[in-house]
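Pasting the structures in now, so scroll down.
Look at the two complexes coming up: subunit A is in both, with subunit B in one and subunit C in the other.
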Partner chain A sequence: MSNQKKRNFQIEAFKHRVVVDPKYADKTWQILERAIHQIYNQDASGLSFEELYRNAYNMVLHKFGEKLYSGFIATMTAHLKEKSKLIEAAQGGSFLEELNKKWNEHNKALEMIRDILMYMDRTYIESTKKTHVHPMGLNLWRDNVVHFPKIHTRLLNTLLDLVQKERTGEVIDRGLMRNVIKMFMDLGESVYQEDFEKPFLEASSEFYKVESQEFIESCDCGDYLKKAEKRLTEEIDRVAHYLDPKSEEKITSVVEKEMIANHMQRLVHMENSGLVNMLLNDKYEDLGRMYNLFRRVTNGLLTVRDVMTSHLREMGKQLVTDPEKSKDPVEYVQRLLDERDKYDKVINTAFGNDKTFQNALNSSFEYFINLNARSPEFISLFVDDKLRKGLKGITDVDVEVILDKVMMLFRYLQEKDVFEKYYKQHLAKRLLSGKTVSDDAERSLIVKLKTECGYQFTSKLEGMFTDMKTSEDTMRGFYGSHPELSEGPTLIVQVLTTGSWPTQPAVPCNLPAEVSVLCEKFRSYYLGTHTGRRLSWQTNMGTADIKAVFGKGQKHELNVSTFQMCVLMLFNNSDRLSYKEIEQATEIPAPDLKRCLQSLACVKGKNVIKKEPMSKDIGEEDSFFVNDKFTSKFYKVKIGTVVAQKETEPEKQETRQRVEEDRKPQIEAAIVRIMKSRKILDHNNIIAEVTKQLQPRFLANPTEIKKRIESLIERDFLERDSTDRKLYRYLA
Partner chain B sequence: MSSNKIVLTSSDGESHEVEEVVARKLKIVGPMIENDCPDKAIILQNVTGKILALVIEYCKKHVDDDQVDASEEAKKKLKDWDEEFMKSPDLETFVKLMQASNYLNGLLGLTCQSVEDSIKDKSVEEIRESFGLENEEEEAIPRNTLELLKTQDLRCFLNPNNCFRFFL
Partner chain C sequence: MTKGAEKKQRKAKAVAEKKETTTTTTTMRETVKLISMEGFEFVIDREAAMVSHTIRSMLTSPGGFSESKDGVVTFPDISTPILEKICQYFYWSLQYSRGKETEFHIEPELTLELMMAANYLHT
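And now, the complex of A and B:
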């Protein structure tokens, strides 16, 4: 702005401005007051906004803001008092409509008035920090209408009544509800909460308390949950249509509390329809619903999970301890796999793959699988069955799936070393009898075991495969250097490295001359190239294919065990032999010989030998002769007995004993490892550490650990502390 | 908003036709349109033609203020124009312009800022002199208001009520 040279410059007032005439204020106010009346009476069309605005402006400019403000309040209050009388007089259904109508009218009037009083709003009110026009208008409505005693209660009751009606299935005017409740929201959050929301929540709580009680007496679990879900959806819908979004969480909490939390136990344990029933019958939809509803309440899922866990444990325990079920190992394991698949599916489909449920499933399986000490053996037998014949015709991908599932069960085993022992035995039989269906599948499983348990677990198993391969090469070399042997019986030898294969005592057996000659030739050949080694023939593990001609000229090729071959070859020289004669000639031990003769003479369809008397069991007085009348559909007949079977009681005891023996050095090694690094440790801690270290292989027995410690003390690996008998020290 | 035209008429009968969006820069125009004038002719009894013309000039210049992010250069140009706009009128016109902006509820930021700028380095006496305020009017202008203005308390200053106590 330019520097002014003029001084004492008088500023001219505007022509129509009158300075400080007391009547001026009253006159101006009257104009405005009348205008407000007209606005409220819906008669505003004749008014000039500009004129009213100017009048209000002038009042404030002339310092009559106070008068204007208080006048405005008084006029509006008077109007609202009248309005509330009208509203209150409305009958029945039209009460709410009247209220809504008057509210809309008030809002419109207020807007117009605010525009007229705009100048006062931004100057006088600003500087005096009074309430602005629009909020004041709302407050006046609140105080004079909503909180008018005769209206206040009636309004609330009307609204709650309508909600109740809607809950019982009637159709209500949602638009009207929305407007009226929005009115509460517009009047302020505390008004909404105090005058509507709180009582609404209380009434809802009562309603659902009663309803849930009714339902739970009359419905089964599935139906009840459906109803609860429906109510929940309804309430959310209600909020979306005519309540403040902030109320959603509050009302859903009420429903959750009354319908679910308060009846949790009763629902889950309901007879014939509760959780257990749903699980047994694969009721995925009901289970999914239960999961979704229960996760909304504290400890809801915990309850479900606990009941599921105890059910699993009970069911599993029955499964593994039922003697009927343990008769067939393959079926036993298949049942376990089926159960696991079933619950896996439940968790996937209905429980959203919830990790805590997965964990509960795993811990339950781990619990009951180990209740049956034969589980490791049975799992190995199951694998054996699959690798012999069960995988024929299945795609590679499916093979992997089956093996992976078996690995899952394997992980649950606490005595993995027992499994290892049996697996070795069964694998040996499979390899030696050439009965494995898929080499790839075998290797694949070994890899999985290696990944799970480490190199040591599978190194011997891999050694077995190596031996098989090496033997092939050896055989080629043998026949390569003995071309004259191509005529006559063919000998196939597998050379087994003693450490890798399951230990078997060598069983005496007199081989037929033709065979023993060949064997000797092989022995010299092999020792020629591998000096310093010792070979011993495992006659109890071999097989033979012999061509036989029977009485009527029937020709057959018989696949038999080595023992069976020895027995059968005897009949080339004699028509009839007694038990004793056979025993003497073959030198086969009695139990093995009896089993062998039984399979040759007593099995229907495979009885190439006949026995007198025709009893089931082999007696020492029996005599045997060739069955000239033997027939079979097939040219090749299999009579071998070298199949892996469930062990008999004595065999089982033996294996268990061997396992226990094997564990002793492992425990000792663990103790030494730990003491070497800790130097001094007390008894309880040694037990804990050793158990932890050995846990991947087996569950170590504290008594056994103690014994090993004593043994180590005797051998001067450890010593007891002189003052504290519970403390041990490592001796370098 | 439609590109409607509105007629603004001053107290002495001068009419100016402007785009609605330009007119709405004066906050009072909105309610007037909504409450009053179906034919969109607005009579402003408190503003003379000369002043109204200036006001409209300002509004036209600033009609795009809320919209596109202007470049730094454009912003500076606008600022320069504003300064010129405020310097050019004589004192009487300037005062009337301020009163009009108060009534019409527009341009207020600019007008108040200008007053602040013009008094900020002056003493109370100098202010009185340059605005031609007699001593006897000291009652009408509380001393503390002047002090406040001097200390450039912007909040107080931008409140037109305080600002215009000078001129009442």
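And now, the complex of A and C:
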């Protein structure tokens, strides 16, 4: 034997039994069947895995795989039928528990069986493409237990019942729920969806439909939203605890639909508690909640935004067209700023700084600010007030903040050139009367305007500042070269470049002798250094400080306008003067003179002049004399300086006219610019382009543009196309 | 027992003793016992035995089969020399997976039975 081993090997006889016995298969199967029974009855401890495995192995090897497979299915099915009867018999509460228990047992047994039958799983089933043992086991469970008619409906109802209980506040066994639901998931995605998820979603939908109807009848908007939010978080919690995560989206969309989407309009428009009410009362928490909830449904935010926009426009329109409010421009603008701040805060805190809401806010403001044609004027007046006195004592940072806010309102204006005109007027008055609180603030605002509108906008304003500076230098030069003038009245001259400053017609006025001498000296000095220029005195804009001694010897220093000074100086020579005499001597025009006399004689506490008769208005027959009994607490008395006021009607008309006039060349320039580059353009396009170009300054009127085009055609800048009358051509 | 069988038994024990760490206590945690058709007992590491999928299922299957409780598996169909070779294979497999790539020599006359056993044990 050993020799044979060395030379070649012999295949020894096949050690395994050659099966001849037909009953072999049956016998083997019986062993296995018994074993499966034992496993199912929890009685497997005495079994030998190896033995069973070997038997199964042998069966498959000897081509009895078919028998093994079908036997396995039959046995398991029989067992499961029995089990389902047991489960069904379970009473009320323990039904679910029984099911759960049996399911766990089944799983364990299935695993054991699968291990034993692993060889069959690997070979026979692979080759015949049948279902593997484990999935087969699950399917059998599904078919025989879950889909067993009596169990099926009862199971579903029990589960839905429990969910319902939990929704009404009872505590349920979540662990048990989780296991049972997991069973569905293990049985397959479709089983879960068909047998549980779909009915669950339907039932939930019903439940929320009813509940939302109940709530909306009884609660106000804020409370309803709180409840909706609570339910939403509850459902998400429920999914986390015992449902398939994929269900989260589905159930939340059900809640959203029933509780929010279906009642959206009603909620937003609810009387006394809807969106408008919340906005008015700064209910940030409620607003935030509404935002978060509505964000989840389509068009939710759109609805909120629309209602907010229409409310803003309504409110804004009321604000700007209210005649009461228009009485005080500073109030008016302050109110606008306050409203804007308020809504800004709402959007920041409650709406998470949502850009779409910001845009809605901006467009609403733009809409109603421009409804009142006096808005540009009022904004300029507001700034004027602040720069004169409102900024006293406020830190630099705060000043910047206020100016930035004003800039924000400025941006909303469509007629920015109107603003420019008024601002120039007010700035001139401030500069000349020396009434600016802070030079830095003024300059800072100019810079902001420049950034916003470009150099062109602010060049003249800057020119005004330069003039003031230059004048200081000139005065120094003048007194430096005329030392003899240090005695006698002091003259301070501001030389204004005509183009930069708002033009006023020069008003005639006879200056008293002492003053006019000085003026002449200054004129010759100035023209000595700057030839080719023309100076004209603006007497309506000047001020004077006069020392006066009254009857009882009281000395006062009076700060008056130039006109007032002329009038007062006349009383140096006579005690009593009639209106006509004053008029003749000073040559001041009647309306100005009347105003001037009124402030001198009729203002309580400041009447340095007495009038006869003692009426409020100045009449042409009145006569005036010095008020010897004049007293004042202070040494320095200020008398009626002209303060920038709201314009009277005729003044307003005049300003507007001037603005319109200024616009004409701007429109023309724009037209020429466009045509030069395009050469040929049709009517509608020209209008569109011109409007776009001029938009930063003002809203161009199409009729006006048409007129300008006609004018340009007359002047041979453009021509009409001979064939198409709507086409224009540029003429070089 | 014949002389040859005796020799084989001693050899098997030697092999086992060479490879395993503890022989004194056959706890369920560390070692398992494999018994061949003639009754030879091979005590090897649990880790080595788990190379075979079948043995692994036996030992880890839920349900309390006797094998997992006692840590003893009987193979009435596998002869001793084959079982011995299989144990050697287990250890060689572990070594190979750890990087030590040596050769595993199979005597030609064992081939067929070895294959059948391998099929059975899903190794």
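Methods note: the second predicted complex is superposed on the first by the 710 of 732 C-alpha atoms of A that agree within 3 Å, B and C clash if a C-alpha of one lies under 4 Å from a C-alpha of the other, contacts with A are read in each partner's own complex, and residues count from 1 in each chain.
In this section, a contact is a pair of C-beta atoms (placed from the backbone, for glycine too) under 8 Å apart; a residue touches a chain by one contact, two chains touch by 3 or more.
Source: prediction; values computed, not measured.
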item: Broader residue contact with subunit A after superposition on the shared chain, subunit B or subunit C; value: B
item: Partner chain in contact with A:F49 - subunit B first, subunit C second, else both or neither; value: both
item: Contacts of A:S127 with subunit B and subunit C, given as first, second, both or neither; value: first
item: Which of subunit B and subunit C A:L337 touches, first, second, both or neither; value: neither
item: Which superposed partner A:M112 touches (first subunit B, second subunit C, both, neither); value: both
item: On subunit A, the residue positions that both subunit B and subunit C contact, one per complex; value: 9-12, 16, 44, 47-50, 53-54, 57, 112, 115, 118-119, 122
item: Residue numbers on subunit A that touch subunit C, as the complex places them; value: 5, 9-12, 15-16, 39, 44-50, 53-54, 57, 108-109, 111-112, 115, 118-119, 122
item: Contacting residues of subunit B [partner subunit A, same complex]; value: 27-28, 31-32, 34-37, 42-46, 86-87, 90-92, 94-95, 99, 103, 105, 114, 117-118, 129-132, 134, 159-162, 164, 167-168
item: Of subunit A, residues touching subunit B in the complex; value: 1-4, 6-12, 14, 16, 44, 47-51, 53-54, 57, 61, 112, 115-116, 118-119, 122-124, 126-127
item: For the subunit C and subunit A complex, residues of the former touching the latter; value: 53-54, 57-58, 61-69, 73-77, 79, 108-109, 112-113, 116, 120, 122
